[in-house]
Amino acid sequence: MYDASVEPDQRLTDLIRRIEALEERMPEDQVAIGVMSGNLDSTIAAFIIACGAAAYDMEVELFFTFWATAALRDPKKKVKKGMLDRMFGWMLPSSSRKLPLSKMQMAGIGPKMIRKVMQMRGAKSLEELMAEAGELGVRIKVCTMSMDIMGIQREELIDYPHMEFVGVGTFVDVFSNSKQCWFL
Amino acid sequence: MYDASVEPDQRLTDLIRRIEALEERMPEDQVAIGVMSGNLDSTIAAFIIACGAAAYDMEVELFFTFWATAALRDPKKKVKKGMLDRMFGWMLPSSSRKLPLSKMQMAGIGPKMIRKVMQMRGAKSLEELMAEAGELGVRIKVCTMSMDIMGIQREELIDYPHMEFVGVGTFVDVFSNSKQCWFL
Amino acid sequence: MYDASVEPDQRLTDLIRRIEALEERMPEDQVAIGVMSGNLDSTIAAFIIACGAAAYDMEVELFFTFWATAALRDPKKKVKKGMLDRMFGWMLPSSSRKLPLSKMQMAGIGPKMIRKVMQMRGAKSLEELMAEAGELGVRIKVCTMSMDIMGIQREELIDYPHMEFVGVGTFVDVFSNSKQCWFL
């Protein structure tokens, strides 16, 4: 008499192993967005999608790198810096409120106009979206190499509930386990 | 006597459940491209890849957002607009034929040059690629929030066989079910 | 008596078929990066991630297209060109060392500054990253249509151990089999 519980079929054992391998390799219900350009339009897009995906119960990882790290600066927090870092500090936006547009910048009028129109049409501001992302559990990982290059220190960044400081290895890990990853 | 059809092995039932879960989670043979920058070069790239993927029997979803929504305008279609929307309308490209390059714009000479060279080298124009995409079943989804902000109305967009107007929730749904998603 | 080895259960055979289909569709441990903007910042990011992923034993495919093809030019290699291609040749960067920044270009001071700061902070230069990518087996595929348009010939490109010249069909194939694909 065939009794599967005491004498497991070898073929079945093989199948289980193959199913486990598939389960292991299947990407998680997670999306990773590389936020890099540091433009107002791209950063708004990143947070709208992040909040949208988090609202649908996806895990969301934002990887802030290069120019975008400046978007996380808090202008109220002052830190001591060397000459070179101070120079970079002046050239980079002092906070999310100073991000330029990728188009129609018009010496700073463009971003103000887009923000105004978004407000008139009932869309959330970038800063409101960032707060919402924090509440929804969207994780922000900041590239430490970019911070080193731009001379940006942890102490001058905004308070955000799920912020970590990572290297490229962590980012590889994150996108490997994500369903999707793209840059903005 | 062991009869699988009437008394199913519990282990086998478990395996079937795990296989079904994997099948459910496996991404579809679909690629989603976020078209956002509204540059001639990026938009051409999006449609070349879209047509290429569709020719290989992949499902293709183009998600038009922000600046790129203006690339879908038809200059022959006129609609009534309020003051603010009219102002935006003037600043944004009036159709795909007016898209700027991300580089070498040279006051409008760059795009003309690239279009000329592409024609000389036997490459399809953006407008030919858009028509081909329609024939190949490439779907275009336009972000309604972007249209609201830019003051762009459905009635002024080109005739395209597979165009829909959607919010961020639909986009989350689309990229969740896609093999790949990226922005251009 | 039930003997699985000689009289295979039909249900088991079905399961194996479904598992095989899943294994077939599961994306490879591979990442594809479209390198397109031809900016110094984006190109550095592409190679840092490429080297990082390759160091973690992922397969990495870089797809060079549009402006980025000029980043692969070797200024020491001279080729004969027609008038139009020569004109493009002048306008495009003559090598990776001449790539512009997406921001803070400042008439060429920006890229020099970023390179200097990266060196001071112990980060590898773009050219060192490109050599490392070659050693780590990162594959570069160059879009032949872009080369045609830009008038760039194979003979003027850098020596790289894993470089191929491909059309859009190959790119579709590459991203179809990748875990992730994004553009920079």
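Here the chain labels run A, B and C in written order, and each chain numbers its own residues starting at 1.
Just so it is clear, contacts are C-beta pairs under 8 Å (C-beta built on N, C-alpha and C of every residue); 3 or more make two chains touch, one makes a residue touch a chain.
These numbers come from a predicted model, not from an experiment.
If you lay the C-alpha trace of chain A over that of chain C, the rotation comes to 120 degrees, to the nearest 5.
In summary, the pair chain B and chain C forms a contact in which the copies contribute largely different residue numbers, shared numbers making up under half of all those used.
We define each chain's centre as the mean of its Cα atoms; on that basis chain B and chain C are separated by 23 Å. Multi-chain contact residues, meaning those touching two or more other chains, occur in chain C at positions 2, 12, 15, 19, 22, 26-27, 180, 182-183.
Those residues of chain A that touch chain C in the shared complex are 1-2, 9, 11-12, 15, 18-19, 22, 25-27, 34, 36-38, 65-67, 84, 88, 91, 100, 145, 148-149, 168-169, 171-173, 175-176, 178, 180-183.
Within the complex formed with chain C, the chain B residues making contact are 1-2, 4, 12, 15-16, 19, 22-23, 26-27, 29, 31, 41-42, 45, 48-49, 52-53, 55-56, 58, 102-104, 114, 117-118, 120-121, 123, 179-180, 182-184.
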